[in-house]
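Input: structures, listed below.
In the two assemblies presented below, subunit A is common to both, partnered first by subunit B and then by subunit C.
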Partner chain A sequence: MKKEKKNILKTNGMQSLIASIICIIVGMFVGYVVLLFINPAGAGKAVVTIIKNFMTYTNSGMRVKYFGTTLAKTVPLLLCALSILFSYKVGLFNIGCSGQYTAGACAALYAALKWGWGWIPCLLFAVIAGALAGAIVGALKSYCNVNEVISGIMLNWILLYLTNTILSGVKEPTSPYTYQLKNYGPKSLLPNIGLNKLFNNNANVTMAVPLAIIIAVIVLIVLNKTKFGYELKATGFNKNAAKYCGMKEKRNIILSLVISGALAGLAASLYYQTGIQQWECTTASVPAMGFNGIAATFLGGLHPIGTIFSSFFIEQITLGGAYVDKTMYSSQISDLISAFIIYLCGFVLFLKLLMKKMIAKAEAKKAAKEGGDK
Partner chain B sequence: MALLITYTLIFASVLILVALGGCFSEHSGVINLGLEGIMVMGALGGALAMKFLPLTIPTFIYIILVMLCAVALGTAYSSLLAVASINFKADQTIVGTALNMLGTAAATVFVKAMNTAANPNNVSSEIEYVRPKAKFVTYIGKFEFNWFMLVTVIVLVVAYVVLYKTRFGLRLMACGEHPQAAASVGINVFKYRWAGVLISGAYGGLGGICYILAGVSIWKFEYGVAGFGFLALAVMIFGQWKPQRIALSALLFGFFRALGNTYSVFDFLANLHIPSTVYNMMPYIISLIVLALTSSRSRAPKAEGIPYDKGMR
Partner chain C sequence: MEQQQYAIEMLNITKRFPGIIANDNITLQLKRGEIHALLGENGAGKSTLMSVLFGLYQPEEGQIKKDGRVVQIKDPNDANDLGIGMVHQHFKLVECFTVLDNIIMGIEPTKAGFLQKAEARKKIIELSEKYGLKVDPDAKIEDITVGMQQRTEILKMLYRQNEILIFDEPTAVLTPQEITELMQIMRNLKAEGKSILFISHKLAEIMAVSDRCSVLRKGKYIGTVDTAKTNIEELSAMMVGRNVNFHVAKKPAKPGDVILEIDGMTVASKVHKNNAVKNVSLKVRAGEIVCIAGIDGNGQSEFVYGLSGLEPMVSGRILFNGQDVSKCSIRQKSVMGFSHIPEDRHKHGLVLDYSLEDNLVLQTYFKPEYTNKFGFLRRDNIRKKAEELIKKFDVRSGQGPITTARSMSGGNQQKAIVARELDKDPELLIAVQPTRGLDVGAIEFIHEQIVAQRDAGKGVLLVSLELDEVMDVSDRILVMYEGEIVGEFDPKKTTQEELGLYMAGAKRMEVKE
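Up next, the complex of A and B:
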C-alpha cells in the first residue's frame, strides 16, 4: 500500500498538482498578510469572501444564478489559457493573447451590431481576426527574429486603440458602451441549448460552456496524439534539431501562433456573444483576460485539463474580489493574489526538483534499511 | 515647438533610464521583462515621497530624496526577479510578467487603502502632486526644463563608463556572454547577475518616477505605465544594448510619443484631421517596424535568459 502511494507521488501529473496547490496556498496566504496590513479587523473574512464568491449569497436561487455567471466568465479565461498553453508548447510566450482577444471582440461585436450577422459567422469572424493578429507576431518571430513578448505587447496596444476607434461606430450615443446585443443584434447571441434553465434562467449561460471544455480536450488530443502536435513540441524543445529532422520550424512557429490567436479570438467571441458585457470604447488598458490566462495556464500545470480547473479557480477569486467589504479593501486584492500565484509558478520547476530529491532520498533510506535487515 | 521639444526630451529621458536598466540586466544575462512593474513601484516610491515630504525642504535636497525613494523601491522590487531567476532558476519570462501584474495590482491596493484610510469616501487610486512637481521644472524662455533631463545625461555617462571602462562592467558583460567562461577565471556569476538586476531595478524605478512627472501632475495607479517598460525594451534592442545608441533611439521614440501629446499645436498636422488614436498608436507601430528591421542582426548578450548552471559547458 505504502509503495503504491510513492509511485503516485513520482508521476509528473501528481507533482504538478502538488506544486500548484502549494502555489495557491502561499498566494492566498500572501493576500491574507497584505489584508492584515491594510486592516486587521476583516482580513480573515475578506479572504473567505474571495474564495466563496457566489457562495456568499444565502439564497440558493441567487447562488445557482451567479454560479452560472462565474462559469460564463470562466469560458473566455479558459480559452485564453489554452491559447497561451498552445504557444508555450512551441516555446513561445504569447503575451499578445490580450491583443488577439481584443481583435476578436472587435470583429464579433462589429459584425453583430453593424452588419447584423448570425452567431456562426460572427464567431468565425472573431476567430479569423484573432488568428491574423497571432500571425503577425508569428511572422515577425520567424522571419525577423523579433522577441514575441515585445511584439505581442506592442500589438496589444495597437489593437486596443484600433478596437476603441472601430467600435465607436456602433456605440450608444450617450455612453461609452457599444449597443446591447439583445436589442441590436439578437441573431448573434449564442444559443442557450437549455443550459440557462439549469442556472435559474441565467441567459448568460450558453453553449459556450460545454464548447470550451470540448476545445480543451481537442487541444489535448492535438498536442499529444497527432503528428502535428509532436512536431510543434519538438520545435519547442529545440528549434535547430527540429529543422535538422526536416520539420518546417518557421511554418510551425507561425502556425502555432495562428492557432493560439484563433483561440484567443474565440475566447472573445464566446464571451461577448453571450451579451454578458458591452465593450467600453474608452477602455484605457488592455483587457486583463489575457494576463489572467497566463496565471491559469501555469497554475494548471501546462496541461489542458488542469487548465479547466485552474481557470475556474482564477475566475472564482477574481469575481470573489468584488464581494469584499469595500469600506476596508479594494477588489484589486484578487489581482494581487493571482499575480503572486503566477510569480510562484516560476518556482514550480524548483519545487518539482525538490520533490524528486526528497523521494529519491526516502527511497535510498528505505533501501539501506532493507539491506541492513538482510 | 518648445512644447514638442520638452515632451520629446522628457519621454526620451524616461526611455533612456529604463532602457539602460534593461541593458544592465541583460548584459549580466537576465532578461528583465518586469521593468514595467518596476517602473510602477518606482513611481509609487517617488509619489509617496512627494506626498509626505514637507515642501519647505530646499529644492536640491527634495529632488534627491524623491529620487532616492523611487530608486529604493525599484531596487527592492527587482530583488524578487533576482531571487527567482538567479537562485531558483525560474523562467525569466513568467517571473517578469508576474512582476508587471503584481506591480500594478500591489500599487493600486496600497494607494487605495491609503486613500480610504485618510478619507473613507475616497476609493480612488490617485496620488496628486501639483505643488511638488513645480520643484522639478524650471523655465528657460518657453522651454520647460525638467531636472530629470540633467539626471538622465549624468546617468547615461555613468552607465557608459561603468560598462566599458571599469572592471565591474566588463565582468558583468562576461557573465551575460559566457557565464561558465567567466566563472572559470574566478568571477562569481551569481553575484554579478544580482548586481545587474538590482541596478536595472534602480534605473527602472528612476524611470518610473520620471514618467509620472512628465506631463501630468496626478497619477492613477490602476493604469500602470501603459507599456512604457516594453517600449524601453524595444529601444534597448534598437540600440543594440549599447548606451550611446540607446540614447539616440530613445530620442526617436520619445519624439513620436511626444507627437501624440502635442500634435494639435501644429497647424499643418491638425489640418490633416488624423484621429488622435493614430498618434497614440504611433510609438508602438514604429517600434514594431524598427524591431522587424533590426532584430535579425541583433547583438544580444549570448547567455541572456538562460539560468546559470555551473555544470553546463
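Up next, the complex of A and C:
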C-alpha cells in the first residue's frame, strides 16, 4: 500500500488542539472586555495575572511551591474529566459526576477521621462509594430507561446533603469544617514519595499527581485497545446492535457508569487525602469539580491525554484569579473570568466541525481544479 | 417553442468530491407531464444528482434550466420556490405530530398569529381526493403505516404546489399492495400535469410506470430510452454494464438432517395485546432454503426476534441439531452456529459510528484470533480479516477498513453484514430481507451467496416480502399470515397468484410438522 502525505490539518488531534486554543483565546478576550467595562485601568494586568497564576511570585521558591499546589488541585479535576469522558465515549452524559465525587469525599473523610483508616483503604472506600453512586444511575438507565442526566442531577443533591449530615459527625465543634487530617487521621494522608521535596516542601504534592496521569493513560488504553472498550463503545453507539451481536448491553451501561463513578470517587480521594482542604458541612451547592470536568473534557478534545493539559489549564486560571488586584476588582471577578473561559471551552466541538467543513470545501475546490487540468 | 417542452433540464452537470467524481458530465431532461425514471446501481450518482437539483450540493460545472431559463439553486428553499419537491427515501416527518401538522409545517396558515387549521384541512382533503391519496389528516405519524406516511410526504409537496416531484426510491419501504397503489398515484399526478422524477433500481417498476428512463453508471451518463421501446434486459445491461441473470441458477436441493426445529413458538407483540406469533412450528434441514413469505407486519419480524433471542418467547421450544437452545443467550446461539442477517441494518446490523473493520468483527471480536488473553484487541488480525472480507465480498468504501460505516452506501453496508455473517461459517443462516433496497447487481450477488451456503450443506431460513425472491431462491415456501403458518408450497409447483391468496388470508391449509 502506498502512503500518502497527510495534510496535518486533517488529523483529528491537530484539529482538536487548534479548536481548543481558539476557544481559550476567545474566552480570554471576552473576559478582557468585561474587565475593561468594570475598570479599564487594570484590565490587561488582571488577565495576565490570571494566566500567570503561580508565576506572579518573583521568588522562585514560592513559584515552585505554588506550581505544586496547582498540580495537586489539577488532580481531582483531571479525574472528574476522565470520569465524564469515559461515560461520554459510551454514549452517556454523566452529569452525576459531582455527586459521585461528593460520595467519594464523604467515604474517604469519614473513614479517615472516624475509623482512622490508612490511606489505601480510605482510597478504595472512596472509589467504591463513587462506583455505587454511579451504579444507581446506571441501573435506573438500563432497567427503567431513566435518563442519566435527570437521575444524575437529582442524585447529586441527595448525596450532597447526605454527605453534609454524615460528615457533621467528624467536624470541628466550633466551625463547619471537618477535622484536619494531619491531626486527626494522619495515616490517611497520601504518601508524598519525595515529590514534596521537588516542590519546595509543599506537602500537598503527593503520589496523586503521577497516579492521575497514569490513570489517564489507562483510560486511553481501555477505551481504544481492549475488548472491553470495544464492547462499551459499541453499546454506547448502538444499543440494539450490541444486543443483536450478543453483548450484554444492560450490563455494559451499568458498568460504564460504575467505572465513571469510581473515577469521580477516586478524584475526591486524591484531593481530600492530601489534606489540602477540609469538607465544609454547610455546603449548599454540589462541588463544581464535576461540572468543570465537563469543560475540561471538551477542551481536551475528548481525548484522555488532551484532558491532562486542559485540566491543568482550567485549574491554572481558576487559581490565578485569586491573585487579581482586589482593590480594583471584587473578589468574584476572578471566578467570572474563569467562568467565561470555561464556558467558551464548550465550543471546541463546534469549532472542530466548522474546521472540518472548511477543509472539505477547500479540498473540493482543489479537486475541481485538478480535474480541470487533466 | 422547443425548449418549453422541458420542465427541468440539468445540462452537463459535474460534481466532484475528494477522490471521486460523483457526477461526470451528466445531462438529464425532464419533460413536462412525464414520469422520468432515473436508474442506476448504488453509488452510480443518482442521489448526488438529485441533491444538486434540490440545492443541497453546488455543481462544479453545468447548469440547471427551469422552463428554458437558467436558474441558480443554492438551497432547498430555492428549489421549493421553483416548485421542486422531493420525497426522501427516509421520510422527513415529525413522528408525534398529526398528518395535517406535518403537511402544513413551515407554511402554516395563520391569522393574527393563530393557526388556521380548518382551512388547511379542507385543502388537504381536496387534494387527497383529487389524487386518490388516502390519509387521515388527524392521525399521528407514529400510528400510521409506512405507505400512509409516504402519502403524507406526497401531500406535503402538493400542498406547496410543487410542479416537479422527485421520488427517491419510493418503493423500497412498501408492501406489494402499497407499491401498486403508489404507481396509480403517480399516474394520477402525471394526468394532472405534474412532472415526476422517479429514482429506482427496480426494473419492473420502471417499466410499469415511467415514460422515459435515464441510466447512470459509476457517475457517468449512459443514455436515455423510451420505456415503451425497451425491455428489462436492455435496461439492466445499461445499468450494470453486463448481462444479469434474473433467475438464480441452482441445483436441486439435497435436504439432509434437520438442523433447526421450532415447536409451538409464541411471541408477544410490542404494539398490540395479541401475540404477534402464534404457535408456529417448522423445520429447516441441512442443504435447503426454507422461505417465510408474507405481507409485512404479519409476525415475521417478531418470529425472527424470538428465534434469535432479541425478544423473549412466550412459549415454545427451539431445537438446534436436536439440542434445546430455547434458553440460550444470543451469544451462545451465535457461537453454536447461528448467523443472522437482520431486517434493519441500521438498527441491528451495524454500529454506524464504528469503522468498517470494527463492524466486520462484531460477531467474532471476542475470539482468541481478535482478542488476546489479556483482553486487548489484536488490531493487526482484525485489519487482515477486514481486508480479506472486503476483497472477497467486494465491499466498496471510501477509505477501506477504516471507513466509517455511516458513510457507506446502503448496498455496501448490506454486503458488509452478509460478509460478516457468512464468514462465521454458520450451520444455520437466518436471512431477513437480505436484499431490501439493493440494486440488481448486489441482489444477484447476495442470492448467489445464499445458494452457496445451501449447497455447502447449511440450513437457510429466508424471510422475504419480495415474491420474486421467494419464488427464485427458496426450496420450500411457508406463508405466514397474522402470526401463523397458513400454507406450505413447493416453489416449482405454485404461482405468485396462489401465494398471494394465502398471504392475504383468503385461503389457508393445515400444515403438519
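Assume the second predicted complex is superposed on the first by the 330 of 374 C-alpha atoms of A that agree within 3 Å, B and C clash if a C-alpha of one lies under 4 Å from a C-alpha of the other, contacts with A are read in each partner's own complex, and residues count from 1 in each chain.
Just so it is clear, a residue touches a chain if its C-beta (ideal position, glycine included) is under 8 Å from a C-beta of that chain, and two chains touch if they have at least 3 such contacts.
The structure presented is a predicted model; accordingly, all values stated were derived computationally and were not measured.
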Task: Between subunit B and subunit C, point out the one touching more subunit A residues.
output: B
Message: Per the contact definition in the header, classify A:157: touching subunit B only (first), subunit C only (second), both, or neither.
response: first
- request: Quick one: classify A:284 as touching subunit B (first), subunit C (second), both or neither.
  value: first
- request: Tell me which partner A:363 touches in the superposition: subunit B (first), subunit C (second), both or neither.
  value: second
Subunit B versus subunit C as contact partner of A:228, first or second or both or neither: second
- request: Based on the superposed arrangement, let me know which partner A:245 touches: subunit B (first), subunit C (second), both, or neither?
  value: second
Query: Both subunit B and subunit C touch subunit A; at which residues?
result: none
Query: So in the complex, which bits of subunit C are touching subunit A?
result: 14, 16-19, 21, 60, 308, 310, 329-334, 340, 342, 347-354, 358, 362-363, 365-366, 370-371, 375-377, 379
Query: Hey, which residues of subunit A end up touching subunit B in the complex?
result: 34, 38-39, 93, 95, 140, 144-147, 149-151, 153-158, 161-162, 164-165, 284-285, 291, 294, 298, 326-330, 332-333, 335-336, 338-340, 342-343, 345-347, 349-350
Field: Complex contact set, residues of subunit A against subunit C
entry: 225-228, 230-231, 233-234, 237-238, 240-247, 360, 363-364, 367-368, 371
Touch list for subunit B against partner subunit A, complex: 33, 80, 84-85, 88-91, 93-95, 97-99, 101-102, 104-106, 108-109, 112-113, 116, 120, 123, 125, 222-224, 226-227, 230-231, 233-234, 237, 275, 277, 280-281, 284-285, 287-288, 291-293, 295-296, 298
